[in-house]
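Per-chain residue numbering starts at 1, and chain names A, B, C, D, E and F are given in the order in which the chains are listed.
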Amino acid sequence: MIGKFIQENITYDGSQLSSLWAFRNFGLQGDSIVSFRGSCEVKIDAMVDLADVRDGDSIYSEDMLHFIVEHFDMDLEKAVTRQRLLITIIKELLEELTGCRLKRKGDDLYHGENKLSVSIATLSPVSSMIHTAINISSNNTPVPTISTSELGWPEHRSAELAEEICQRYVAEINSIFMARCKVRGVD
Amino acid sequence: MIGKFIQENITYDGSQLSSLWAFRNFGLQGDSIVSFRGSCEVKIDAMVDLADVRDGDSIYSEDMLHFIVEHFDMDLEKAVTRQRLLITIIKELLEELTGCRLKRKGDDLYHGENKLSVSIATLSPVSSMIHTAINISSNNTPVPTISTSELGWPEHRSAELAEEICQRYVAEINSIFMARCKVRGVD
Amino acid sequence: MIGKFIQENITYDGSQLSSLWAFRNFGLQGDSIVSFRGSCEVKIDAMVDLADVRDGDSIYSEDMLHFIVEHFDMDLEKAVTRQRLLITIIKELLEELTGCRLKRKGDDLYHGENKLSVSIATLSPVSSMIHTAINISSNNTPVPTISTSELGWPEHRSAELAEEICQRYVAEINSIFMARCKVRGVD
Amino acid sequence: MIGKFIQENITYDGSQLSSLWAFRNFGLQGDSIVSFRGSCEVKIDAMVDLADVRDGDSIYSEDMLHFIVEHFDMDLEKAVTRQRLLITIIKELLEELTGCRLKRKGDDLYHGENKLSVSIATLSPVSSMIHTAINISSNNTPVPTISTSELGWPEHRSAELAEEICQRYVAEINSIFMARCKVRGVD
Amino acid sequence: MIGKFIQENITYDGSQLSSLWAFRNFGLQGDSIVSFRGSCEVKIDAMVDLADVRDGDSIYSEDMLHFIVEHFDMDLEKAVTRQRLLITIIKELLEELTGCRLKRKGDDLYHGENKLSVSIATLSPVSSMIHTAINISSNNTPVPTISTSELGWPEHRSAELAEEICQRYVAEINSIFMARCKVRGVD
Amino acid sequence: MIGKFIQENITYDGSQLSSLWAFRNFGLQGDSIVSFRGSCEVKIDAMVDLADVRDGDSIYSEDMLHFIVEHFDMDLEKAVTRQRLLITIIKELLEELTGCRLKRKGDDLYHGENKLSVSIATLSPVSSMIHTAINISSNNTPVPTISTSELGWPEHRSAELAEEICQRYVAEINSIFMARCKVRGVD
């Protein structure tokens, strides 16, 4: 599994959540987690979460750290379970780095009442995909949010943060695979 | 999905990790997480983790809080992924309740160098199964361990702890199922 | 699993057979069977059954009781097997209620030479889906048909009929799930 | 898929519900439904349905028509769904042949309060398996039962009945497979 | 499984690689391998292999023997594995018929440095699909190629070649299915 | 995926075809192909191929090159398909090295009427497994056989042969995985 931070600033508009985005754009072939920094603006037509569509929610942030995950299997329940682990990894790392306490609710992270993250998992015709992003800025968001810098992690070190998250997710997935290769069955 | 704490004290010897244990013993039919309190002593022949067998590790604890999870599907990779979420849920709850900081390494929880938990996931002929347990006592364990009471949660309230863990795991699994019922596919 | 009869009259034109239709329109999240009453007119471009397209068949009925089923797994063979059970449930109920004798041929119901039902099962990008409908009117259909009222069930009680079918299908699916949670494997 | 009635009288004791029974004994290779006539006596150790074991139920009949089904896939939910269709096929045929009215409850057939059938579905290490049997005699059964001869089908024509059931089940499974090979996907 | 050579000359432009192409055009229902002869010209928008798109490769041949395979399951890894077997079958047959020596590299066949074949496997919304084609002419191809006639198989006997390939692929797939219906599981 | 030749001489008696054999004995964790040299003597009770058991065939060879493959998924059809590719790889390599012509019939290799190989694929409770072996000696075999040395490959270079086969199988499986990570879906 590949983990990579892309230096280029990219606005996330939902079009990145499509199959083989990492391969088409960066030549990364195979299961991958790719991170980049950029604003987030998803128009209603590009929304994948129909609960948001029903609620008329908009998704907007001036500056986020994004993660696009692609696994070449097509089990959405497994993808959502992995999504929760990715959120857990982000939570664990930010708590270690900043000493803060975050609260995970499903696939969302909160600091008090303020939302740190957005996330969605879905299927493409050939893979399962996750988009998770955390705020680098909390300005002008449609709901109360908090940013990584407000938590205490300097904005100019966002790339480092992203790289460590990618690396830990890759290690987690690899160790999950290995964990299934050491147990006998039971009756 | 069913979550239940069993009042009866049961010694975990590995035989509980077999298909339909919850149904045969307690009439609990369907996906379930069942908890009980008791010592833990797994003989080499009952060990499921062949890495432990290879290393000659023994598993022993005088008093633990046990969780037996059964899902009626047979995807071991998914089972291991769920096992990681169960460990995460236990970590999050203990941190909330006691203010301590735990470290998760894969499917293990540590406080400093001391191990809090044991865990394994495997397949039965009709289901996938997880055993996870956390020390209520750290006496006489073969490796340095820590107990929930040393973390600050009173031993006589172990049942409460178990019930909350079961309830949160059930809620997590249910919300994972629901999360896959609200997204459209992408290209 | 959710079963629900929608009071609103809806013309079935094929667009209802799309993923998350029940969620987008009625907020019903999860596996579901949703019923409504309305005419049926499926244009060639909206047809899913390519055998019908090849044969140049048209699908038309002035008044039908419709059932849209969605399961969030993606096994078409399983979906077709469930579709046959849904047809069986409708047959059993109508025979009980009216004393008539129907003949099931695969996923179709007949009374003598007259067709009572239409049905199709397919996959969406995130789920498997079934549309089944039975004639409330047999007027002006392109092939000889029979209606529920001709079988002896009063047209003004169609909602009751639909609700009982939904309820039985939900019970059947739930009991199938439970049946797999009580057997040990064999050699 | 193979359907075959075996002329030899065989006592069903549970050992027939094991993988490749049809291949090992009759050289039938592939998905199959094999029928035979014989008494039924399943000792507690051979029982697969742990609900029966829990209830202390015994399974006994002096003379039954047995069906052993094996499909070389390992999805127990699909196997149970197919089991329901097999029961439906038996019901439909007996109603056609004798003019009686039977009641299906899940995987059981009843005439009034009297039970006509027993059935179980489970997994082997390489396949899914179903045992279904209907009473040719209702003598000395532990619960009130009815036999096919009491329904009006002569005992000496049991082989014919079995052959027609096998043939219809084979046709049903084949048509299910074909039904999934004629539909386009939907959005 | 169905194998069939279509007499009609058809230009392969990528549109043939879509679900139920064999059923829509020739009424062939079920898993199938369909062969035809014709030129090959796939425009960039119709390309399925994004590695070719990234490299700016074009696919062109004046005259090829084409094979379109459709299996009604949706496991791309299995489809690619079957694709390799199809290539193997073509290699084995050409070596037998002409005495030449070919080299297989993954899903490609070479004679020395000259490419004999093109191939791709992917998923449709309801099936897995393979396109494999071998050159009947090597004129004007964008890379150095070799044709079946240069290998020693006369061009006017291409239909025979295609029919034998179809027949062997059908036999291979059938024998794979049968091979899984004769083994017991191991510990 | 791991490929490894074990220097130790091991008699293959069927017990090697069990889950995690490579991990338990050599600490090799994950999908693997492990090769060793030794005689082959499988008693009737250890036979996995029930067609052999039915035919009363015995399996015996004084000296073979063995390959034990384990993949941690449980799709027997996929395992058999991979088994055919492994046989293909062995065939291709021996033809390259010795200039001989072999004939593949399903999962067997022949030189004229003489059999070079034995092979079986099956499931364990946690994985799929393949045993394939080729004769280094053709002495005293129950059917006419041929050995690699008779084909022209010197016996003392058997380890080299094994290592190249392992390496090519690993490369093939890896390239199959990669092939599914570069294609978009089709309609």
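As a convention for this text, contacts are C-beta pairs under 8 Å (C-beta built on N, C-alpha and C of every residue); 3 or more make two chains touch, one makes a residue touch a chain.
Remember, predicted model here, so these are calculated numbers, not experimental data.
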Joint neighbours of chain E and chain B, given as chain labels: A, C, D, F
Mutual neighbours - chains that touch chain A and chain B alike: C, F
Chain B onto chain F, rotation angle from CA fit, given as a multiple of 5 degrees: 120
Homomeric contact chain A-chain F: same or different residue positions, threshold half: same
Comparison of C-E and D-E (more C-beta pairs in contact): D-E
Chain whose Cα centroid lies at the greatest distance from that of chain E: B
Chain B and chain D, separation of their C-alpha mean positions in angstrom: 39
Centre distance in Å when chain C and chain D are each reduced to the mean of their C-alpha atoms: 27
Inter-centroid spacing, chain D versus chain A (mean Cα positions, whole Å): 50
Where chain B touches two or more other chains, by residue: 19-20, 23, 29, 50-51, 72, 74, 76, 122-126, 177, 180, 182-185
Topology of the chain contact graph, where touching chains are joined (line, ring, star, complete, other): other
Interchain contacts, given as pairs of chains that touch: A-B, A-C, A-E, A-F, B-C, B-D, B-F, C-D, C-E, D-E, D-F, E-F
Chain F to chain D touching residues, read off their complex: 50-51, 53-54, 74, 76, 122-123, 125, 187
Parts of chain C lying in touch with chain D, wherever the complex brings them together: 17-19, 48-51, 75-85, 88, 92, 95, 101, 104, 106-107, 120-125, 129, 172, 175-177, 179-180, 182-187
Chain C to chain A touching residues, read off their complex: 20, 23-24, 27, 29, 72, 74, 125-126
Chain C residues touching chain B - in the complex, by the definition given at the top: 19-20, 23, 29-31, 72, 124-126, 177-178, 180-185
